[in-house]
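First chain A sits with chain B, and in the next complex the same chain sits with chain C.
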Partner chain A sequence: MVSRWMYISLVILYCFLLGPFIIIFMASFGANATMAFPPQGFTLDWFANVFETSQFIDSFWVSLQLALQSTMVSLIMGMPVAYALTRFQFAASGLVETVFSAPILVPGLVIGFAMLNFFVLLGDMHVMTGLFIGHTAILFPYSVRVISASLRNLDPYVEDAAVSLGANRLRGFLLVVLPNMQAGIAAAFVLGFITSFNNVPVSLFLSGPGVTTLPVSMLSYLEYYFDPTIAAVSTLLVIFTVLLVQTAERLLGLSQFV
Partner chain B sequence: MPHLEIHDLTVSYEKHQPTLERFNLDVEQGELLSLLGPSGCGKTTTLRSVAGFIQADAGRISINGRDYTNLPPNQRDIGLVFQSYALFPHLTVFNNVAFGLRMRRIPKGEIYSRVTNALKMVGLEDFADRRPAQLSGGQQQRVALARATVIEPQVLLLDEPLSNLDAKLRVDMRQEIRRLQQQLGITTLYVTHDQVEAMSISDRVVVMNQGAIEQIGTPERIFAAPETVFVADFMGFDNRFSAAVESVQGDKLSVNWGGAPIDVRWRAKVGSPRPGARAEVFFRADNANLRAGADASGLAGLVILHTFHGNEVRYLVDTQVGEISILQDSAGQRFESGAAVTVQPQTQKWIAIVEEREPLA
Partner chain C sequence: MLVSPAFIFVLVFFVLPLIFLLSQSVLPEDGGFTLSGYVDFFQSRVSRIVYLRTLKLGLIVTGICLAMAYPAAFVLARMPARRRSFLMSLVILPLMTNAVARTFAWLIILGRRGMVNQTLLSLDLVENPVRFIFTETAIVLGLTQLFLPLMVLPLVSAMENIPDDVLEAARSLGANRLTTFLRIVVPLSSDGLVLGATLVFTGSVTAFVTPAILGGSRLLLMSTLLRQKAVILFDQHAAAVVAVVMILTTLAVNLLLRLGRVRQA
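== the complex of A and B ==
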């Protein structure tokens, strides 16, 4: 009977996870002027509206650019840190790990507010630069954590083995360690990209006149309109994310790792 | 001239805590020499110094007459086998073995034939396209051996290569390593903490303790004639007691054992022991016999425990000199717990070690 209860809880779980999305998905094709479920009629007008609303298009490009840049930079910074944390035991390694996980533990609103104050103090900073710094800071601990996890699975002696076979330290790293970090890097990339792309609290504070991210512009759209356009944006976002993860999976073999 | 020479090697991990101090060792061409000792005795430090991963504070390491002391590890002509195998998980078996040859810029065709040949020697020619994760522990160990030997190194270093394998496989792989080593005639340094493993595989065994050599010798010699208390303890002498030397005649000395004098062979660090000096007497469980009842032929005792080991039965006997462990043929007379017995010493295989010249206080 255990299996029967497991089935039932599984179904309930899936309803909670997928239910809201199914509602949004169906609502985005509904002909009503406000969001309604079950929807009446069928129309693609709301999708057309998304592409005609410059607010969404502009902020999509801002979000995309921001997510790519901050993810790449957090990966480049995270790799050596993860390597050092897993390979060397030093006096402050525990402290370093705690400091690096701080952005995960501290609420995003606090980080965003603190950064806003900090950037105001620094003076005239470009909005995009502020967003980039903010996002890189929140992604950095994720990239360190995920890459560290992939390195912990790797026998530390493989580098010594490569060196004893004639490779110098750099070649040993490039030929033996880096290929084994690949899955971790891919996982960190996808995780970082999605985290940045979906982030609201930090972006909310750091967005400025004319420059805003997609989630923030969706939020402000919701304040004035309640038509299914927002449902259409959500549907597009989900499709975009699924495609991204699928592509990463195909190219980099994510499932080996996650 | 020895093939591998370690001269006055001093290595300290932390300041004022030398792990090796003025350590000397010579290994002959084609010899398999084991470094045997408990963890922390410096055996792995010695091995990693030869491999070049540990920088010596002082001393000299040379191989085939060439000074290796300050050579970086990737320029040393050495094959290394790790306890964890340290195979490259993203490469196939073939590419794992080919790695060292590629680093040496060997032409492609030669790499193919040498790798194929090396895999054949360890019986893995059909596994060339597998990944390490698809192999069993023993197979992974063979790949590690092939990878370390295919580069035809001057010296092969093995660091506890069998400790991750189960007991039966360990015996098989031991023979495998020995066979390969003799076939290739390669000078080998073998680190282990298992005395049975060291004895069965080596030409010579070095017993190490606290960064220093306790004894070097053939397995037979170390087994039969340990020279220090540490070696005797480590080589599995089951029984040990302290006694004052009563007299010395030639290579035998006399001690009191449960009221009767017995003569045993002696070893001493400095000169001939004097009467009154403290001797540590060792004997193995199979160097004594049990007889039913108490008589004058030996020491009286009571059986307190018996355990069956197939061909043998091990008895724990309580006597006036303490508990004695004795191994008897299981086909012979058997004794139950509580039985009164006599322990008859076979003293020709007993050994007394005298480390201090001062009389026993």
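== the complex of A and C ==
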């Protein structure tokens, strides 16, 4: 059934998906100051430039802090939602599911724009708080979905057994359900972290003077400079992501949840 | 009770801002309720061109993704599990890297002294570098690279579920390869196809980074138009209209395709 031209299409697909990464790698080590191809010579200057540019370093810490905080909060608040949706039948469950999947249906740029206008209406709000709210809201669909999936894999009788043996619901959840969900929670964490860490559209409007996320500061750097520094940042980010995803995949089998 | 903290959060910080956005689009700062913002949007030549261009490029990107992903997904779905899971992780990898990094590569490929131009010049096919950046072609290439994984993933998981026996049965009953593919594989993987097409199309018509880098202010799409109205022209009323049109467009596509899927089932 699988014919030769199908294999050719597979090769084309992978060239298209991964080719740009190879080009970025090459450009980040090339010595030309403008983006000529193929790059001449070899230098690590662009990497040095990344670490000397405070814009990148500051925004990296903003992104890291933001991704950790919003992922944690969306998980802690999303977990009970996933639990309620998988364990109980209730009248409003359809509505609840719609509300929690809504942030994925609305374009990110629109979310950021609407939130900015709303926050201005509310009065002075710290830029970091605004970013945190925006990122937490867009992470709910992922947290709820991944944790629901891992809850569905767990036999509800195990929990019922704990309850019938005298544990109350909360104890049953903390001592029986939670330990069995470790892999799902960790997968949701990695997925949420990466989603927040890479987000541009929501952060774009919510960023403020001095407080910017890394992808947004990369974008604004590109408006003024056209040199391989961005290639070097990208290379570092790809390495960072591969390490993160590979570790997660080895430990938890991340791809079954995506 | 369990749902309430998160529910209140989403209600206050997500639903309320959207309601406020909607009200901004029909209530200009000076005056009462009016739909003039929407009338202006669809009467203005510029915004009409931008809207149609956005939809057109979305359709083209979806078509190209479909054509590239479909046969490849079939090969992936028929592979031994170990090799497939390795190859699938390579499909997921680009999804995990930010859009700025991935779009930047196209500047190197398509730039004035980029890969394509150097090749054309050295082969004497052109005398002067060709301008590729700030063209629709560049945006289409960038968006296709960005959203291709979203087409591959649902297609592969739909095709995995087609049993080998069904294909062999079709072959042994006399169907040739093409007939088997069109009459067995395509209908049985239509769920993945619809999901992939929805994801790619809605992603393409709302993406910001790619049109911002590869289209700039010369070749606006809806997302870059929204940004321009809000940040450069300071016209929050008009920006709100653009934002609402974007929401309605993605909702309409989602509803349409969902309806189509229900009817088929």
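FYI, the second predicted complex is superposed on the first by the 234 of 258 C-alpha atoms of A that agree within 3 Å, B and C clash if a C-alpha of one lies under 4 Å from a C-alpha of the other, contacts with A are read in each partner's own complex, and residues count from 1 in each chain.
By our rule, a contact is a pair of C-beta atoms (placed from the backbone, for glycine too) under 8 Å apart; a residue touches a chain by one contact, two chains touch by 3 or more.
Since we're looking at a predicted model, the values are computed, not measured.
Participant: Answer with first, second, both or neither: which of chain B and chain C does A:M115 touch in the superposed model?
Facilitator: So A:M115 only meets chain C here.
Participant: Which one hits more chain A residues, chain B or chain C?
Facilitator: C
Participant: Is A:V158 in contact with chain B, with chain C, with both, or with neither (first, second, both, neither)?
Facilitator: first
Participant: Counting only touches as set out at the top, which of chain B and chain C does A:V62 meet: first, second, both, neither?
Facilitator: A:V62 contacts neither chain B nor chain C.
Participant: After the superposition on A, what does A:N168 contact: first (chain B), second (chain C), both or neither?
Facilitator: After superposition on chain A, A:N168 lies in contact with chain B alone.
Participant: Could you look at A:N180 and tell me whether it touches chain B, chain C, both or neither (first, second, both, neither)?
Facilitator: A:N180 contacts chain B only, not chain C.
Participant: Which bits of chain A are touching chain C when the two form their complex?
Facilitator: Result: residues 1-3, 5-7, 9-10, 12-14, 16-21, 23-24, 27, 34-38, 77-78, 80-81, 83-84, 96, 99-100, 102-103, 105-111, 113-115, 117-118, 121, 133-134, 136-137, 140, 194, 197-198, 200-201, 204-205, 214-215, 218-219, 222, 226, 230-231, 233-234, 237-238, 241-242, 244-245, 249, 255, 258 of chain A touch chain C.
Participant: Okay, in this complex, where on chain A does chain B touch?
Facilitator: Touch residues, chain A against chain B: 154-155, 157-158, 160-169, 171-172, 175-176, 179-180.
Participant: Sort out for me which residues of chain B touch chain A in the complex.
Facilitator: Touching chain A from chain B are residues 51, 53, 72-76, 78-80, 82, 84-90, 99-100, 103-104, 147-148, 151.
Participant: Taking the touch rule as given, give the residues of chain C at its contact with chain A in the complex, in rising order.
Facilitator: These residues of chain C touch chain A: 2-3, 5-7, 9-11, 13-18, 20-21, 24, 68-69, 71-72, 74-76, 78, 85, 87-102, 104-109, 111, 113-115, 118, 144-145, 148-149, 152-153, 167, 171, 177, 180-181, 202, 206, 208-209, 212-213, 223, 226-227, 230, 236, 239-240, 243, 246-247, 250-251, 254.
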